[in-house]
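First chain A sits with chain B, and in the next complex the same chain sits with chain C.
And then the complex of A and B:
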């Protein structure tokens, strides 16, 4: 049986082979070749695509270039979602590499957040961590940390430094022994078949009578549609980091081991493939 | 400390009472239901005049803020930024406006004056157990205002305080119920400024409508007008009478 710590490394080093193609209507001086890149599941599109941008800028004039944005099969990709979540949500059961289209014009203002520089990504990332700690520890752990610790979390993510990141993040994964777990579990359940982007509610890892809540318990309470009843065929897949954890998995364990670096469990509910 | 936490049910009840007063003032607030759920939020659309920065002239010192006026509101208060069309001179113009509160606004350099549509949403945050203010602004032609333009509309008195820390600020975020881009006043410090108010009320055996008190603090920062009568006329939700999570008075309003 793999050690729990190995799970943390597997999550951190997950990669998605991706092919970036320039949108055909972009104005270029010569033909743009597609660009291939292994994307880290736990990072953010605008943080890891400098090479992609540089590659396409080589064949474009400066006046034809505005803010970069990415799209998959007509859907603008939200850079503020972790890459692995975007893939699980939109391209889970398709063949690799993941084909993403790159745009430099007509930024979809209503749908996408602007990302003018890395400090915007950092602010967003730290904001998620803070929110997660508000749920887990009433913000006590994050507020007790020094500014340099916060910086180390960000630098660890930005520079793909697992040890540097977890040296600080492990404190955010602790809890008083007598409590048995976090106060509430930071999670979001993402739906593809809804206008609503995600569901986020208050949910405790341990019930008042000491019962350990599982992933199945969470779904039953917050999004029962995701779980098929015994006699019907499974309509949905519940995916975290590209895998379908058993519904019996304790939620506290999932939160400690399968959260993203932003300390949230990002759960995708997608239609099950009909083969 | 638990009195500073706002649970969802109390949030809804505060909103219901807030809404009743809004209707009596024709202040334009409505309750929007999320499709397929019992969750909802307060929404208001307002029009305002503001000078949008068109030239990049960093040496010009400006003092301007957004004065939002509800499209339904009839309180005889005019925006200080209604341009004087008769002698509108866009070249090195210096115009002084005096409004009732005594604020003097001086604007220089050429700006285009436009009507801006503001949309304000008040949502409940589970993570922080407080209300959160989401807003967006666009021209009537549908062009969304950028963060810089929104900042231009924040009164200078608030601007410095807001820029103090990355979490005490206005950022662009995804609306958690609609999935679209909005600006948000970060909620993580809400408890800090609400706590003294709530504690004082507790000591004086006064009840407080959390949403009204909270909005009277954060609203003006982003140009949202909250008439004084909200603070004097809207009661706190009663804790003795049971109330359904979705009070029947909260009807969805057509857009």
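And then the complex of A and C:
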């Protein structure tokens, strides 16, 4: 069990080294240096980039500044995805640090959501938690909580406080022992080359005959392409939080320990690197 | 087992992968990024500073652009300017240091204030605790007091209930008492009625008895008149004590008739001596019919004579060998009786302006205090200082009864109007009522004071007392009906002929007439020289009630007119000492007064 606690801590404190560079076409008074930052995997872009914004605003005139937005190699980064997911999905096997370009103009309305203030992020975060609990416990646990508990979850995430967050979150990870697990596992499988943003389906952690489902079972069920057959070379990597768990890892355990703070298992399926 | 190993393997794989990831992604870059950010800050600061310097420098350079040859001097001036700038910066620095010191000072002060406030807060909290403790105590006391109050209220309530219950029982008891009192009163009244009935019956019986005896007497007299009776000079003198004789039932006048014949009768024929013997027995009154009891021709009812105020003394004579205390005319105006300290009652006859001695009644052992004739004039009652009253028959001067029983000298004795009872008043402060037939004292009333004189009406006995009071007694009830208070000791009482007015004489030298119907003093008589001489000085009405005569201590006889209230006459020539008693003859013609000095004076207006 000590391992489980370590797993939780490692998942929470995961960081990605990032280099923020101002878009060259932005009008600046003088040359802007890049800004380096260790971004937390479990947070959201617009929540942790205040310093970045301040750094670049130093060299810009006020009238040239509109809403900040980020892109990587031409792809606008959706702020409502966790940072870890964005990295795993887009830049998993590239060289570190991760280079993100900062824009202040020409906000891509079609690709990104606006994020005017932190309460928008809070609303998105809380709705994800509620959706996850609906799948896990038919929303009973989240509805039994008081508003201050919800607030504590958000504050824990915002201020990077592991204990504060998990004091409440552990209630969401409980399940009645006769069930053996959650009702359904909240997960999303993200694909790089697909029109769909993600795959999300109802999937039980325990089969009707008592057999524990694993990650492999899930993929077989939902996206069998991801699993290579024995003779083929591995074509896809299944990445969660920057690691590739074994396919026989139980899904219930994964949901309890490797979920993001919003209680979802965000799984990235990326093409395997060809050496 | 296999499962656990299996479980451990994937878990271990996950743990290892996470550690690997962190090594690669985080630890490698953490330090670098941190240092990079610090350098960035520093460079920003340097940029700001250098911008400031650059602007100054460019200004200087612009000014010295025209003379490129003076490099050295430019260098010197540049150096000077640099030095000046350095100085300025040093000054700014010192100023900033000073400001910092001031700020630190203010910080210290604020800290100090905060500490003070904290102390205040602590003390306030301590006070609050104190107050709360007090409040708790007071609440405790309050609860206790309320508890006590409740107890007291309960006790009060129980007391009230008890009180109400007691009130109810009291009411019931009062009701009971009222009812029993009513019953009692009813019983008492019934008893009184029965008693009065009994008394009536007794009276009726007494009267019947009396009539029977009278009838018997008449019969016997008639019988006796038929036979000659020898008279025996030796008479048995019956001295009867008051307690004996209740059973005899015979009246004394019968005894001498039957038992003691007198031997004075000379030998005459029975028939012819009958009248003589009768006249011997009954007194020298030939022509009078027999029978003492029915003889009532001389009862002075109504005004029988014209009253004349006497003016002169007709006869002055020695009556007794000592003080003369009492004088009385007989109802027929012929006889006069006087009583004195020589223990005798002397009888006189008024004949032609003179009083001739007729006889003396003896038997008393001490001085005579008062004399009365009965209404027929046949018996004489005298009260004496030897504590007894005596009755003689007038005609034969024989003592008939002695009534003893008083423990003091008897000062007055009177017949009641029915002549069968006698009331006597004595120095022993009692009045006694005697019945003549049984010769027994029927009643004794304690008057409270020595009784000086008595008069009687049909219902009432009036007595005058030493304590200045006149007491009115009801004869049947033994109680005082009324009391009248005078100014001095009452010495004498007299009634007028129709018994409506009472004459009193008292030691304050006033003679008063009291109306008996209204019980008020109607008139008062006094005179300059009139002084009551003794406690037994007697005054009298005239027979018609129009004059009042009384004797004074200086020997003068005063006569007042009742109608005018004024002194009519003073007759002071003939007495040499205090006048004790006065009597007016029923005919109105004569007045006799007797004095201390043994003399008696007969007055008339001729």
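Keep this in mind: the second predicted complex is superposed on the first by the 273 of 275 C-alpha atoms of A that agree within 3 Å, B and C clash if a C-alpha of one lies under 4 Å from a C-alpha of the other, contacts with A are read in each partner's own complex, and residues count from 1 in each chain.
The rule we apply is simple: contacts are C-beta pairs under 8 Å (C-beta built on N, C-alpha and C of every residue); 3 or more make two chains touch, one makes a residue touch a chain.
Nothing here was measured: the structure is a model prediction, and the numbers come from that model.
K.L.:
With both complexes superposed on chain A, which partner does A:109 reach: first (chain B), second (chain C), both or neither?
P.N.:
In the superposition, A:109 touches chain B alone.
K.L.:
Should A:228 be classified as contacting the first partner (chain B), the second (chain C), both, or neither?
P.N.:
neither
K.L.:
Is A:27 touching the first partner chain B, the second partner chain C, both, or neither of them?
P.N.:
In the superposition, A:27 contacts neither chain B nor chain C.
K.L.:
Touch check for A:6: first (chain B), second (chain C), both, or neither?
P.N.:
A:6 sits against chain C, while chain B stays out of touch.
K.L.:
Quick one: classify A:134 as touching chain B (first), chain C (second), both or neither.
P.N.:
The answer is first: A:134 touches chain B but not chain C.
K.L.:
For A:36, using the defined touch cut-off, is the partner it touches chain B, chain C, both, or neither? Pick first, second, both or neither.
P.N.:
Only chain C is touched by A:36; chain B is not.
K.L.:
Please give the residue numbers of chain A that touch chain B in the complex, ascending.
P.N.:
Per the stated touch rule, the residues are 78, 80, 109-114, 123-124, 126-127, 130-132, 134-135, 139, 186, 194-198, 200-202.
K.L.:
Please output the residues of chain C touching chain A within their complex, sorted ascending.
P.N.:
These residues of chain C touch chain A: 6-7, 9-11, 13-15, 17-22, 24-26, 28-30, 32-33, 36-37, 40, 43-44.
K.L.:
What does chain A use to touch chain C in their complex?
P.N.:
3, 6-7, 10-11, 13-17, 33, 35-38, 55, 58, 96-97, 241-246, 248-250, 253, 257-258
K.L.:
Along chain B, where are the residues that touch chain A in the complex?
P.N.:
Touch residues, chain B against chain A: 34-37, 126-128, 143-144, 146-147, 166-167, 171-174, 176-181, 186, 188.
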